[in-house]
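Encoded as structure tokens, the structure appears first; notes follow it.
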Amino acid sequence: MCGIVAIQGPNEAAKLTYLALHALQHRGQEAAGIVAAGPEGFAKHAARGLVADVFDHASFERLQGNRAIGHVRYSTAGGSAAANTQPFLVETMRGSLALAHNGNLVNHADLRRGLERDGAIFSTRSDTETLVHLLARARAPRFEDRLREALAQVEGAYSLVIMNQDRLVGVRDPWGFRPLVLGRLEGGWVLASETCALSLIEAEFVREVEPGEIVSIDEFGIRSERLVHEPDAKRRPCIFELVYFSRPDSQVFERSVYDARFAMGQQLARETGVEADIVVPVPDSGVPAALGYADEADLPFRHGLLRSHYVGRTFIEPEQSIRHFGVKLKLSAVPSVMTGKRVVVVDDSLVRGTTSRKIVRMLRDVGAKEVHVRISCPPTVFPCYYGIDTPTREELIGAQQSIEQIRDYITADSLAYLSEAGLHRSVGDEDPEQSFCNACFTGKYSSGRARIAERLPVLQA
Amino acid sequence: MCGIVAIQGPNEAAKLTYLALHALQHRGQEAAGIVAAGPEGFAKHAARGLVADVFDHASFERLQGNRAIGHVRYSTAGGSAAANTQPFLVETMRGSLALAHNGNLVNHADLRRGLERDGAIFSTRSDTETLVHLLARARAPRFEDRLREALAQVEGAYSLVIMNQDRLVGVRDPWGFRPLVLGRLEGGWVLASETCALSLIEAEFVREVEPGEIVSIDEFGIRSERLVHEPDAKRRPCIFELVYFSRPDSQVFERSVYDARFAMGQQLARETGVEADIVVPVPDSGVPAALGYADEADLPFRHGLLRSHYVGRTFIEPEQSIRHFGVKLKLSAVPSVMTGKRVVVVDDSLVRGTTSRKIVRMLRDVGAKEVHVRISCPPTVFPCYYGIDTPTREELIGAQQSIEQIRDYITADSLAYLSEAGLHRSVGDEDPEQSFCNACFTGKYSSGRARIAERLPVLQA
Amino acid sequence: MCGIVAIQGPNEAAKLTYLALHALQHRGQEAAGIVAAGPEGFAKHAARGLVADVFDHASFERLQGNRAIGHVRYSTAGGSAAANTQPFLVETMRGSLALAHNGNLVNHADLRRGLERDGAIFSTRSDTETLVHLLARARAPRFEDRLREALAQVEGAYSLVIMNQDRLVGVRDPWGFRPLVLGRLEGGWVLASETCALSLIEAEFVREVEPGEIVSIDEFGIRSERLVHEPDAKRRPCIFELVYFSRPDSQVFERSVYDARFAMGQQLARETGVEADIVVPVPDSGVPAALGYADEADLPFRHGLLRSHYVGRTFIEPEQSIRHFGVKLKLSAVPSVMTGKRVVVVDDSLVRGTTSRKIVRMLRDVGAKEVHVRISCPPTVFPCYYGIDTPTREELIGAQQSIEQIRDYITADSLAYLSEAGLHRSVGDEDPEQSFCNACFTGKYSSGRARIAERLPVLQA
Amino acid sequence: MCGIVAIQGPNEAAKLTYLALHALQHRGQEAAGIVAAGPEGFAKHAARGLVADVFDHASFERLQGNRAIGHVRYSTAGGSAAANTQPFLVETMRGSLALAHNGNLVNHADLRRGLERDGAIFSTRSDTETLVHLLARARAPRFEDRLREALAQVEGAYSLVIMNQDRLVGVRDPWGFRPLVLGRLEGGWVLASETCALSLIEAEFVREVEPGEIVSIDEFGIRSERLVHEPDAKRRPCIFELVYFSRPDSQVFERSVYDARFAMGQQLARETGVEADIVVPVPDSGVPAALGYADEADLPFRHGLLRSHYVGRTFIEPEQSIRHFGVKLKLSAVPSVMTGKRVVVVDDSLVRGTTSRKIVRMLRDVGAKEVHVRISCPPTVFPCYYGIDTPTREELIGAQQSIEQIRDYITADSLAYLSEAGLHRSVGDEDPEQSFCNACFTGKYSSGRARIAERLPVLQA
């Protein structure tokens, strides 16, 4: 998971990119970076940390110009070296080239071996560096044709923003796994992972970049072309973007994320209803589904779990403590809301089960009579090859244990998940041409190599 | 506003104090400090910043021992010098003395002048330093008697925790303006501003420290005594603790803060109901009142405003921007929730009006048809002399303009506040002996000097 | 050991103070601080570290005004707390008062006990804080009389600079243990520990402040008065200032430090001459004495030991190393200079012997045939009560072992010290009224309490 | 100018590399870096700053293993980006490859253009990255043959240390412009720019790596081979290494640097003697030549200029000051040494003249009667293409003005340089096969392309 932005047109493009990256911060908190194209060439500033910490006034003095691209990084894939912070910026025969990537290349290892045999040197283990090499080696005279040449060798998920000497380019893989939207800004254009980035900088949402589309922006205007190497690819947007990753105020894959989650909550109530007194969300991501659940079940919605605004990265625990405070530092329960109540707790995922177990205990400690855990998606059973950093199958509790075993582990009175069919219905997924990628629930991967991988007995993200 | 903690008993008292201060972080984000009583004497670590940033492993190596007191600071009163970070730690004839203070002394300037005339030197402008001087000069043989001697000279609001060579002491002023609770920890005792600090460290809530009570804890146990210098003082807990300052999961002044806010929202709906489609809170503090409003008005509650988790202290704005992004960096609106709707927005205060004005605009931008602003307390018209850092009267929009003028300024379709009577009813305030201090709404101050101050034409916090 | 500065007159007084402190950096590397008197009152900036690291542009924005005092601190006496960084800045009945101190008060503990009995509170363990209390309690109407009143209670070594609302004051104790000089700056006056601080800021040296003199500078000019409480005190400047502490380009106690050291080297050659081929200094402080030695002995002077410019505070050593690199990181020997030579190594002190031992080994490793160590002062046998942070008597190798034992320990072919008489002759000390304090060599302390202390069996600095 | 180190054999190779880099700190203060080959692959730590600041305990936890190479960087050629800090570390078909470089490639731009045409991407503008690409593309099966293949394309100055999966390699260009020495360490081998690095870590000096030699070290031992592509190259060590760059305690090009400088001073006295009273060096680099001058001229040597140990990178100057304190913060004059004297000041270079001008003024301010400036090398008139970061010809005062004009500018009573013949005589340069490169004095470049460059009218470093 990562977030990407590209801006063309306004002065101070880097500062607007920075604000847009702040709006995409939920897509990656590990590192942030911007490359700007100023009068004295391309400049890059990137570091580990949150957007607000990585950039200061000094960095913007270097990031001049009216074009910029940016990236926030979630995963540590590719190692944590400074050299590894995106956007990648390299010098090529045709001048400077900057590129930022959201997704994951399935055939990355093979491609890299081939490039190394040709004498290519690599600074990182990132699949994005492989993309940059392919692009630098492509021979066609037009940039868009070189991009086609490079991407024809690649299989997997990619939404990319690329900046070279004379243009900004946005491109989405033929399946459209990851989102990318186009916006209009007074005096220019914006590409971003989600519409919430457009809203913050007061850009107007124009449309999604289509799966397999190349959007080119230069001083003469904007053009659209298509990738041609996967003519039979079907649209397969990642359903987890709606369940979990995207921000509720974003429009993603032509749907309101908030409304989708609200509908998941309603469907969840229809499928898994239980006698109860109140519905409580795990904040903040569980709120829309909990509201939908309460609405459908006609139960009072109560904000009985509070989330702290002040949780830093490292918290120092007493050494002699048996129990760890982890979840308690982040969440706390309101006793007066819970005492004597039968509580439905709505969350949007259950990965290892440890957090849910602590939440159930917290609720019982303040007097909840019953605790019913409801998850607004099906169990995650298979790894994602398309850019989501899932735990290994061994760590996925959903892949290892039955629902009853999990319920027992988290000590809930009942546990239920939204069904696969129910999830698809919640997002209005009726057009088979538009069917979402749900491989993490079903193991049905869309692209060739990933289809092979799914047959392997032990799966590793 | 500040938060205070004292812990006696367990090893690693400083680490537990640190966790408790984290739970009180909402009471003060400017600075944090701890004094611990270790085998080699008292040690202090304090600095500007959040609790999680101020302390690291190195600081706890110095903060040894089984007794500690801590403080988080909100206001800049007394200047921002490092020397000004509480707890105060001084050396006196009777050994080391540490003290942390939540409140404000009304006759501070007079007391200080007198002390200076006697040759006392001051390192800060804090009223707390005056308290320390009075305590060091008191002559009685018992510590509690010296404390009485010192506090008899003082008028105003104070909840204090004090640590000397052999005991921890907690004390509340005779009016009980600021909260202070007592908890039991395996192997010891805790004093803290709110019960949420007890919950985090899994201490058991015992009871409030009473207004005018001195609680002394030493190795032999716990004792209670009383201050005697204001025999006629009436209990006057600050109603703003329930409206705004305390955490919803705390029990404050024998009430659940969450329930009190929910009741304020219900009362607000009864008093100021309006035709509308949805109720939306200003997160996070407006949530319980909005739920109460929606409940009473029987309108759908929607989480249509999102609060960012990633707002840093300083954000860099584009220089050429006409509009400032301030509020948008922190709050964003969910378009699909708002479009075409008549929206009731519930907030817990309206100080200068600038934030409300931006929220109203944000809602209209995403398509709200009507915006009705409801505030879950009366207008703040008078300054607080008891420890809340209110703007000057000139800055308080409620003191300068009519409600209609304010409505016009924030461009809402309607604006209404909870009434004074309604507020008191919401908190179940029927016992005149227990009546809350509401001077910030009414100008009726409880203590002598403040009563004089209220007659002055220009008021300054 | 510390360095002090006060500047009155020019705008940007704090920046000039900072430059002057840089010139005095050799007198203290542990911490640095400045208090400036600007239009909005006194402001202080102080921290641990070198002058160049402690101050930045932001600190000078706060340190406005045309009056400032500064301090560099050497010793850790009084603890290392931030509160302990000088200058002390306090608020008193008569307004702000700032004070910086070079020296040590012999009766500090008694005075402090008395003040604490009167209710005074202390923030540090520094004797300077005691001085500030005495000054704040003095009752005379004129500041200089209050200063006399305070200092009459004090015994020991002090050169002080003090700044209050309307004047700068410099004062030296009646014995004049520590230096203090007066300079004229275009548009104002300077007080500083050494003339090298005047040279850097291009101030003109006027004269020493006399032992027992009070120099007061205000907007009307400069006045001189005298302390009266020790009418029989004899001038006793610290001879170690000339041997070791002061900078060679300074004029201290009316002598050129460089010339004094050169003369010590000459005298050392006369007293301790030995057959040799070359004279090598331990850089940088041993250079002038080595030049004097070579001059008198008519031997070639060679710069055979190099000092690194890049030695940081903490250097990381290989864990598996038997030998420690300590001295080698700082000093290295030039093989071609040493090979086959009989070398006289001249240093200005020998405290624990460990450094000398490593230097001797280093010289032998690069081929020196003989190594003769010569020290340009007598063995340090007694602790200093007047402001020099000597090791305890137990650590002073000169107090524990015979010269032959020390020679054996450092593995030199010969070892010799300058005699006491020779040292006094080198500094032209013929006037008994001007006789230097040499208590660290002789145990003959000048002031009453120190005279008592000398009789105690175990001595502690 | 840069310094390089490689260590094979001992555990904690990185810590020994770090100590060796500290000894080479004078060769580069801008950045420092180490790559170590540990059990989990190669790890790199590098940053801007001094060696002691760049590395801490955490960095050594990552730099495990018994092989490491290191680099200190002087110049900013190639830009100041973090990616630009050496050693370069890349992944290739044959595994990880690390390389550190001292020198400069004359045909760098041409080579890079060719590589880019083949699709190579560059992260920096450094000529060293070009070397890495050439090495990754070479096809021979043996590493040393690939190295020959790569270096056959290169013209210029290079001393390199290279580490791959199984060996450490050191190589010097066929002319031997830059030094590189081989040392024996208990349990392994060391390669370093100068012998002073061997001394610090107590390695035994074995011999120089020869011009055109490849030294390979692996677990089976050490082998020597030769480059073959410049069979007619003559040995041309850089004479400036002896004049200025190397440390006086080093053995460089089979000479003692200290002795060479002493001899330059003696020759300078013979050629440019003048009636005078004392000889004073500009510390620290001018000391050996000044001692030689004083020896030959039979004049007293005096240490009349002091160098501060505490000069930080940025010093804050008073804004209203007409004069700048720059040189005075670093150097100060001893008045008693200078007053009334005719002074010979010996320095090892005179680049822009501004420092000399300030020194002359400083000496006159403290009373020098005459000031005669003597420089221990000829005027620098031509740029260096072999790794020294000289100013442009426009900035070189020696290339723009006559000696009399310069003397007038620096306000000295006389100014003289060592002659070219005298310089060569001082270093015992009688073997034409060993003649030093002196192109910066003469414009006679040794390699082909540089010979072309010398004919260009405007020269730029």
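In this document, chain identifiers A, B, C and D correspond to the written order of the chains, with residue numbering beginning at 1 in each.
To be clear about the criterion, a contact is a pair of C-beta atoms (placed from the backbone, for glycine too) under 8 Å apart; a residue touches a chain by one contact, two chains touch by 3 or more.
From a predicted model like this one, the values you see are computed outputs, not experimental measurements.
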item	value
Any chain in contact with chain A as well as chain B	none
Between chain A and chain C, centroid-to-centroid distance (C-alpha), Å	62
Chain A and chain D, separation of their C-alpha mean positions in angstrom	50
Inter-chain centre distance, chain C versus chain D - centres from mean C-alpha coordinates, in Å	38
Overlap residues in chain D, where contacts from two or more other chains coincide	none
Overall pattern in which the protein chains touch one another (line/ring/star/complete/other)	ring
Touching residues on chain B, where the partner in the complex is chain A	10-12, 15-16, 18-19, 22-23, 25-26, 29, 50-53, 55-57, 60, 196, 199-200, 202, 247-249, 251, 256, 258-259, 284, 287-288, 291, 295, 300-303, 306-312, 314-320, 323, 325, 328-329, 332-337
Chain C-facing residues of chain B, complex	44, 81-83, 89-93, 97, 113, 116-117, 119-123, 125, 132-133, 136-137
